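Next up, some structures in structure tokens.
Shared between the two complexes below is chain A, which pairs with chain B and chain C, respectively.
Then we have the complex of A and B:
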């Protein structure tokens, strides 16, 4: 999952640094992720994992790091299975 | 009787048949003129460059601003007839038959200005790097937002007065912080009750939900709220916005040192402030408290 997230981040994140140089826990906003790029990333992740972010997860925290994104996506996927 | 009905009855606003599109009386305009004078007297922003904009802006600047990414639902474009005699005949036939005649209208080079500072950034960027100390502007424009409403405090065409600061992040943030205090003092001079709260812009759609939350999480926008048509949902009469380097990057606006400039703006909703005065002090300014009259008309 994190490989896919990294791929999307590289394509949509508009970061001034290569994604390979970022640790899973690195702060993406500090690395240059803009608000608008985070929206593009959100839409790309929804498409790739066939999920929809619920309103309460549409916030800055959900996209703060590769780890945070993976946790959020996992939580949404788990919720879908439970439903 | 709603507040809007009372405004119509008193003649302060004049109905045009379209929600949010009103003519103003001489009295209404006197209040706005008085308040703008008070802003100038009070602001202390004496070095600001004064610019007054028409209600339309260059369409290419509008496109470059990214407004349609975030607020497509609010924008208004100016479309015009550009056809020949035959097309004209079709047009008047459609109008006479009560059919849609607007389909052939072509987009002009003008878009209605959505916020007073949108035309400013590209104009300033074209001049080259900012001078030492950055830039300070005193601007005003009629603005358009497509949001028809029966709430008189939500007009479709209204005036926005702004001070805009451009420069280093710390200077721009200090400017915004000072104005949050000055805004409260200014409103105290005209005896209006205020509250300041963190806010967000009306970003469109689900993607917009993320933008709204981001804006709030980073404290990028504050509003000065005054109850007008509702106590539980007071109206934003001023806003204090820190854009970080958004407009700097968008327009390649640079400081004297060649760094990407940061920007902030402080906006006054002039009609909303006039409506707040009429709501709190009554529909006849001659009967307003002495100190309020002195502040506005003295």
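Then we have the complex of A and C:
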């Protein structure tokens, strides 16, 4: 999952640095993720994983790092299975 | 819920009215000469209104955003420039209160604001960036215990008259343009070399000239949270809400003048409904929309305040953006209605019904963080954020 997230981040994140140089826990906002790019990334992830982010997860924290995004996506996928 | 019942006692409102009375005396001169409202600002200090937002534990009065917005509106009914200065100060202060509490230097600074009634200025705009305050070109240089900053600040709110300036920059020389911090610099820690003159259509008394800002201070004065969090969790919301308080005050005073005009006409011709009466009724309905919108925004903020996840959520940002867009647009149509009612007496300066200053001051509302920028930001968020389907939640 993190590989896919990294791929999307590279494509949509518009970061001034290469995604390979970022650790999974690195702060993406400090790395230059803009609010516009973060929304593009959210859309890309919704599409790639066939999910929809509920509003309570649409905040800065959910997209602060690759780890945080993976956690958010996992939580949504788990929720869908349970439903 | 009645917001007024939450305005603690008559204390703050009474103090605000005293300031407004003084602001009223000088409002036309401040506007005409484009000068700083020294008398009103001195009255704010005298009434000890600059520290009210600071928690009681840190020497302040713990005033809520509702109480501060009420004061903005009271002062704006007499002098919009004075009210805007008061609002800007409290917007800056909200960043200290929300993000500096728990930090030794910033807590001591807040004690000092209360004690000395310091006026805080703002420098988020930069040459080459314009109003996109979530980007910086300049970077703060931290050298051991000392930090240094040079910024081409094309607008600094009442720059010459502030006692301290809160200024944004990149967090270090290699940082991305969005990786920002905000730093407090005290008056004796910076120099200002004027580069732009604030000769504007309205809000002339805010004297927001542009400067080349150069400063050096202990690095502990950098606020301990990223500016991205400060912007999302305190600054943008308080901006939109306190500005809306100011704008409501301007519009309310315009309608009050129009009502006085209609009443004078009704008294002059008993038994005949004056021609402006219907339009006045319509204007009060629009005014009510501005008021309801502002109150709803304040309630939303108060409810979200204790929860950083809510404050940084898209739903909250969309709601605050919408408050700003609606109030800033609506006041223009309300003041225009008032002008139609008062006719030439409203168009002329120096009559009891003059509305030129109101109209000019109100035109700043769409530009202070441009509505186009805000709309495009909301438009981006709406590609993922889903609209709330309930009326009351």
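In this text, the second predicted complex is superposed on the first by the 83 of 83 C-alpha atoms of A that agree within 3 Å, B and C clash if a C-alpha of one lies under 4 Å from a C-alpha of the other, contacts with A are read in each partner's own complex, and residues count from 1 in each chain.
Keep in mind that, in the parts below, contacts are C-beta pairs under 8 Å (C-beta built on N, C-alpha and C of every residue); 3 or more make two chains touch, one makes a residue touch a chain.
The structure presented is a predicted model; accordingly, all values stated were derived computationally and were not measured.
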Superposed partners chain B and chain C on chain A - clash or fit: clash
Residue contacts on chain A - larger count, chain B or chain C: C
Chain B versus chain C as contact partner of A:16, first or second or both or neither: second
First, second, both or neither for A:3, with chain B first and chain C second: neither
Chain B versus chain C as contact partner of A:43, first or second or both or neither: both
Partner chain in contact with A:32 - chain B first, chain C second, else both or neither: second
Superposition clash, chain C versus chain B, among 4-12, 76-84, 94-102 or 184-192: 76-84
Overlapping contact positions on chain A, where the chain C interface meets the chain B interface: 35-36, 39, 42-43, 53, 55, 58-61
Complex contacts: residues of chain B adjacent to chain A: 66, 69, 206-207, 209-211, 213-215, 217-218
Residue ranges of chain A in contact with chain B within the complex: 35-36, 38-39, 42-43, 53, 55, 58-61
In the complex, chain C residues that touch chain A: 134, 171, 175-179, 226, 228-229, 232, 308-310, 312-315, 377, 380-381, 383-386, 388
Parts of chain A lying in touch with chain C, wherever the complex brings them together: 15-16, 29-36, 39, 42-43, 46, 53, 55-56, 58-61
